[in-house]
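Alright, structures below, take your time with them.
Shared between the two complexes below is chain A, which pairs with chain B and chain C, respectively.
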Partner chain A sequence: MGLGSLASRTLTSSRILSSQYSRFRPIVTKPGLQSPDASSAAAAAAQPEPTPPPPRKPVGGARVELTNPDDTIEVFVDGFPVKIPKGMTVLQACEIAGVDIPRFCYHSRLSIAGNCRMCLVEVEKSPKPVASCAMPALPGMKIKTDTALAKKAREGVMEFLLMNHPLDCPICDQGGECDLQDQSMAFGSDRGRFTEMKRSVVDKNLGPLVKTVMTRCIQCTRCVRFATEVAGVQDLGMLGRGSGEEIGTYVEKLMTSELSGNVIDICPVGALTSKPFAFKARNWELKGTETIDVTDAVGSNIRIDSRGPEVMRIIPRLNEDINEEWISDKTRFCYDGLKRQRLNDPMIRDANGRFKAVSWRDALAVVAEVALKVKPEEIVGVAGKLSDAESMMALKDLLNNMGSNNVWCEGTGTNPNADLRYRYLMNSSIAGLEKADVFLLVGTQPRVEAAMVNARIRKTVRASNAKVGYIGPPTDFNYDCQHLGTGPQTILEIAEGRHPFSSAIANAKNPAIIVGAGLFERDDKDAIFAAVEAIAKKGNVIRPDWNGFNVLLLNASQAAALDLGLVPESSNSIDSAKFLYLMGADDLNLDKVPADAFVVYQGHHGDRSVYRANVILPSAAFSEKEGTYENTEGCTQQTLPAVPTVGDARDDWKIIRALSEVAGIRLPYDTLAAIRSRMSTVAPNLLRTDEKELAAFGPTLSPDCTQKIDSTPFKAAVENFYMTDSITRASKIMAQCSAMLLKK
Partner chain B sequence: MAFTLRSVKVPPNSASLEEARGRVFDFFRQACRSIPTIMDIYNLDDVVTKSQLRSTIASEIRKNTHVTNPKVIDMLLFKGMEELNNIVEHAKQRHHIIGQYVLGRQGLAQDLDTKDEGVSDFLKNFYKSNYF
Partner chain C sequence: MLARLASQRFLEIRQAFRQSSQAYRSFSTALNYHLDTPDNKPDLPWEFSEANKAKVKEILSHYPSNYKQSAVIPLLDLAQQQHGGWLPVSAMNAVAKVIEVAPIRVYEVATFYSMFNRSKVGKYHLLVCGTTPCMIRGSREIEEALLSHLGVKRNEVTSDGLFSVGEMECMGCCVNAPMITVADYSNGSEGYTYNYFEDVTPKRVVEIVEMLRRGEKPPHGTQNPKRIKCGPEGGNTTLLTDPKPPPCRDLDAC
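Here is the complex of A and B:
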């Protein structure tokens, strides 16, 4: 009729509209439409063979590990068959099949609670929809996730959740990245029916890091489960019942755990948010840069969210081997130290002791002039805690070209030994610690030195009831730990077999010994290492299939420094130094530096060493440069620049290269690729990012040690967890934390 | 008045490269002659001197020395005339002139002292900024 003329008109127009034409079909009656029986008969008779559906990919491109190929069961998700290992839940089966089921309380790394009911799906032959996060998948189950029943269940659950949820989206920090917002748009109904008053809950004070608005809480208990399971502190709990349920600490207690910031990521709504980041930015205006954290030796993968030239927050990235999905509080909240006390101009100290800002030309000219006048054996260079491998390579090259071999890195001790790599790396790798069943911690407090390693040890202790023995000053642990002793005497006792713990090591399948890098500062460190290696030999700790001898480093730069060979010639070269080049070295003892020594400080914060410096050269912090860092297990990782450098600051290696040219001994690299190829001639593993380079040799090659062990008890390597390097010492949040959250 | 007079002066065809060259010099002279007017209109006495403006105009013209096609030279001259007209008839404002013709002209001051001899590109770029 009229439709036909329309159709003919569109026929004459372009090809693009011809597809529209195919949508207009004339309405015609068919034999099947005239009576229902006829249609089903016709349909059944005329059904062609369905082509097999293409195989579905798991959610997020995840890899599925079928540990035991014989132990798999087959279930059907929305008609698609999928093979899963036995013991998986229905939700995990759907994830493998590529169907993402909405959930609030379920988290893959926490225990199953099953209290939000958002994951309800329909299973055939089941009278009610089942909570897929809790129901184990049985063979032959037919799971349907998109039926009307499942959809109605989700809409109902969402309606209930939103009933008592305040209308806070405009003022809530989680807006834009809120699970509740996203899932209500995707799965909720379009209109509400709630006309009563909403309940409200009083806010709890959890400390200077976590902001709580408990009215927004949907009582999913993820934070409770995280605190008990992963962090090991049973601070949070659920009080009350029914609609009067509140999450909180029953007594007025602050969350002092070093992993407390992770509850901010875990909370699906805006009940627990980051207090320093409150009201600062929305997530869509932030640019995320994937880099590495350098505040400790673990090298946790982070994402720096920045807006323009300012770092707004730091979020963890997933890395199963190193930090899983968590980061410590120091990593998460140290970013405001990047904005305070920054050096932005080269400065020279003039005659009355005050610093004057000068240009790069003048500063480099002054430094080069002094360096060329000094005798080679009086030139000393020290690399800092946060230095990247490229700058340490350039520093060593520069000082070697000037004739001096007194370069070392902070924290590696007076005469570091970089010959055998197994002596300064975590040989079983952080993920490999999960396989251990006995831990012996010698002179290390992993909770303050490397919080992610501690989390991994706790995970192992919780999963397999591993035994932990600790030698050192009394500290508190968040897992069951035997305090075996305080000094090297205990090591000797265990090595000779007189201590009851040696039988535990002998009977263990995979014993792990973790030695702290704080022992590098001791004079008798060779003797202590020899004693620990004796324990390792007796307990069969180092085998071809399992190497349990681990060293937990303290700084992000130590591993790369020792790999590059930053080993000084003489151990007390500082006492006779006339030219001292400090590249970010703030924790050095500068009392022994002679009064007439010329000290150059190249760093990004005006921390401790600046007060003694004669010339200041501003350099870039880790968030502003592309640098290579090696973590304590030997995994090379790279930082990327998230924000531009402050003021007139330059990259560390560029300053050294420019200085070398001004001094007349030009270094042969001009670009990042060139200095990396120079690094590859010394330590090729530093170019292979995200790959671990395991130690090649074991203790068979280490020389015998004839030193006597000094029986002074071990000291704590880190006194204040929140303030360990120049960035954290300049941070206001870290100052608040150390004032309020440290145990006195 | 003044602007219509100026725009007529550049016919679209130059017969040869020499004619185009001559036109370029005429344009330069014309521009230099209008410098006092420009300084007066936009109050640039405290900001820049006449000789600096002359050098600026010369450097802008010098940017196109590589051009050999007379038609292209005519087109560039037409655009130059248009710009000159805009400036003289006060269609621009002071901040335009300052931003486009006064600031950022270090390339003019050839800093060829002995201190910069034999210095590599790396060091030159290093002194300027961190990103190169």
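Here is the complex of A and C:
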């Protein structure tokens, strides 16, 4: 108050001053006043040059590639000319021009429905506003998105949509990230005129993952189109007509598809939400961390939303090459396993067989003591499914320094061969599978092993009617697939040309063969690979412009392990092991471990192997550490820590580094950068994040194989999709899913 | 004043709730989702009868072989006639198998059209037209008469399973309003008839019902003995002769 009066006093005083001096106006000369010629020149110069309109950036993630100059047309969006390829819709043209058009039913990865009418824009010479998502842009079209007509249309559509929409915002999980909320604030009017009774709809039971409140549904049919097109299960449909329409399955049917969680992202309102996440948090409370999923070998890009020390939910990130915009149910809902059965203190098993929590100093001292007493050939180390590259590098270095080379990664089999990278990577890359027109799946069930790869295959089969042949135990696919056989005999038949499918491969432009990593466990693996390579040679599968020979790995750690050279010297070193170092290895068969072997388990969950362990060293899970993972196509990606780790747990590689110090064989790296530089000496591609390192050589270098093929039919590599590693086995949601959603 | 408006509105809402529990004016006979009952379960087997299998083949021949899906409506109609006027879930599944689509696509079609009954109807399904032309000619009284005579509510089946009453949209006999339709499901798909009974009165409609109950076949068409089809009582007053030829044979010259 006082300051204000001071300020006003200074203003008035300055006004007095200015009024005093305002009688004296300074005389200024202008160029136009100096001479007649100068005045005309000044008048001409005074007109500003028409500045070109500022370039507009495409909005909404839109990208345009004008590959064919004959095919480009020019349209005008709000007066701004934009060049687009022929066939694009008006909405896409507006996105390229930087104008975001509101929409509910349109989704760039689904077919066009055109039933929400929110995308109406005005097009010159058109009698009515036009549904921009469905109207193809014609050359010279003048599109106007900010006129009174377009605005009135949007307000009207929004009013209609909100008519039967319940006032659930306070109790709706989608609040804060709801398309309806955002678009009604941006494009709707401030009041409605509906005074009748609103309709309500019965909730449907879709399973333990998707919570439905169907009264909130605005009938955009995105979920129906997703289920039909992307997930391949025709379960959802639009029943009834008019305002009594209901989305449902008609008969009570649970959504058993492995991609069912994606309808939660797709639904623009709170009709389909995440059941485990229901009422837990609002989206503005959550901190998002962009990391990578490790429950399978695809390395889907995810964003972990956490609140404080707790992971609240996992949602997908866009990555066109790997997982597009989807993630599998296992990836999405495994996070509650991160909160159960966690190892948080180092433990030593005492004489009674019970575990006792000890300090790090004591635990490491005990381990080091035993390790130094044992003979080098009796030391064995096994890396687990979820191990990152840094920890595997440290493990290998430690064991090598102790004199042993018996270190391998789970899932790579008894006799892994890391010499030729093309034999354990997806050489056509996941996005490259879209170019294939014939698929041969050997001993792999992509639907349960890598759901995103399966989604990509389905996308290809839908788009170009690709043929798929499958060799393995009977499974169900969500695309048309010929079951060619169950065992290696069929591979030999195709290789020799005796099988009808060999002609399909021969006539294909881009044949793709996908071999499952479950075959690594077989003894005749080399013979099978040789037979598959014979098929590849005959069908011209591996060429300079197209490499269709693919291996689909099962674990997130396999590719990095083989790149780092985690290849054991002998295949049955476990039988004579006296010191076994399990770094997160829970799916190992520990029956053959001698009774007097000293087993160290370093991991984050008390899963299977802890029962045999003598010492437990707690380590961080993938959501709590910064680690490098390589996915099945050879793309290196990094996880970032989203939440702090539990109790006294540490990063895997740091534990090994500490152990090496206590054992007297100090490893030469103290920081993350240092261990990464050590990794770069072995596998430099592991430092180039988000880049794929393709295999350099093909079968020309592979040695001849003299093994005999064993005719046992192929086994399914993944028994239970929902429970494959220590995190998912500890998860209650995954337990509910495997109880309710698996096919009996 | 606000309090008065509020109490007025409260009374309106209470009235609306009361109304909705009574004669629920719905246009389809069932809900948009399936509830298992002992005679309507997905695992009950259902097949087209031998005679109908031939009809199915004939229906499918009307459509291109790669668009078998187009035959969904005639096939559902045939299935409904075979099953006595309504479609159990297993019949819809059987039709889905014939046209090679997922069952949900057939459920979508069956729930869209109100003439596909997804819950039990009587052997004689009586449909009263309730649209404006019939209504102003007294269709509400016809419906009253039927419902009170049979002792059922709308979309309910009598206890002997013979009759059910439903409302139908305009069936195009506005000249002969009011009218009812009798869908006769008593003889399966061979004896299926769908006949209009027009110019009915509340008394006549009860007579028709009793004739049907005795198994007779009442004459369909206009129930007014003085009318012939849609002509006026006492015979046509126009169109008594052949139509006059055009005034000029050579229309181009005129």
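Here is the rule we use: the second predicted complex is superposed on the first by the 689 of 744 C-alpha atoms of A that agree within 3 Å, B and C clash if a C-alpha of one lies under 4 Å from a C-alpha of the other, contacts with A are read in each partner's own complex, and residues count from 1 in each chain.
Quick note on the criterion: a contact is a pair of C-beta atoms (placed from the backbone, for glycine too) under 8 Å apart; a residue touches a chain by one contact, two chains touch by 3 or more.
Not measured: the values here are computed from a predicted model.
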{"item": "Simultaneous placement of chain C and chain B on chain A, clash or fit", "value": "fit"}
{"item": "First, second, both or neither for A:D235, with chain B first and chain C second", "value": "second"}
{"item": "Partner chain in contact with A:D690 - chain B first, chain C second, else both or neither", "value": "neither"}
{"item": "First, second, both or neither for A:A658, with chain B first and chain C second", "value": "first"}
{"item": "Contacts of A:R666 with chain B and chain C, given as first, second, both or neither", "value": "first"}
{"item": "Touched partner set for A:A620, first chain B, second chain C, both or neither", "value": "first"}
{"item": "Which of chain B and chain C A:R650 touches, first, second, both or neither", "value": "first"}
{"item": "Apex chain A: angle to the C-alpha centres of chain B and chain C, given in degrees as a multiple of 10", "value": "130"}
{"item": "Contacts of A:W360 with chain B and chain C, given as first, second, both or neither", "value": "first"}
{"item": "Touched partner set for A:M197, first chain B, second chain C, both or neither", "value": "second"}
{"item": "First (chain B), second (chain C), both or neither touched by A:E124", "value": "neither"}
{"item": "Closest approach of chain C to chain B (Cα atoms, Å)", "value": "54"}
{"item": "Contact set on chain C toward chain A in their complex", "value": "13, 16, 28, 31-34, 42, 89, 101-105, 107-108, 111-112"}
{"item": "Residues on chain A engaged by chain B in the complex (per definition of touch)", "value": "359-361, 620, 644-645, 649-651, 654, 657-658, 661-662, 666, 670"}
{"item": "Touching residues on chain A, where the partner in the complex is chain C", "value": "197, 202, 204, 234-241, 244-246, 248-252"}
{"item": "Contacting residues of chain B [partner chain A, same complex]", "value": "115, 119-123, 126-127, 130-131"}
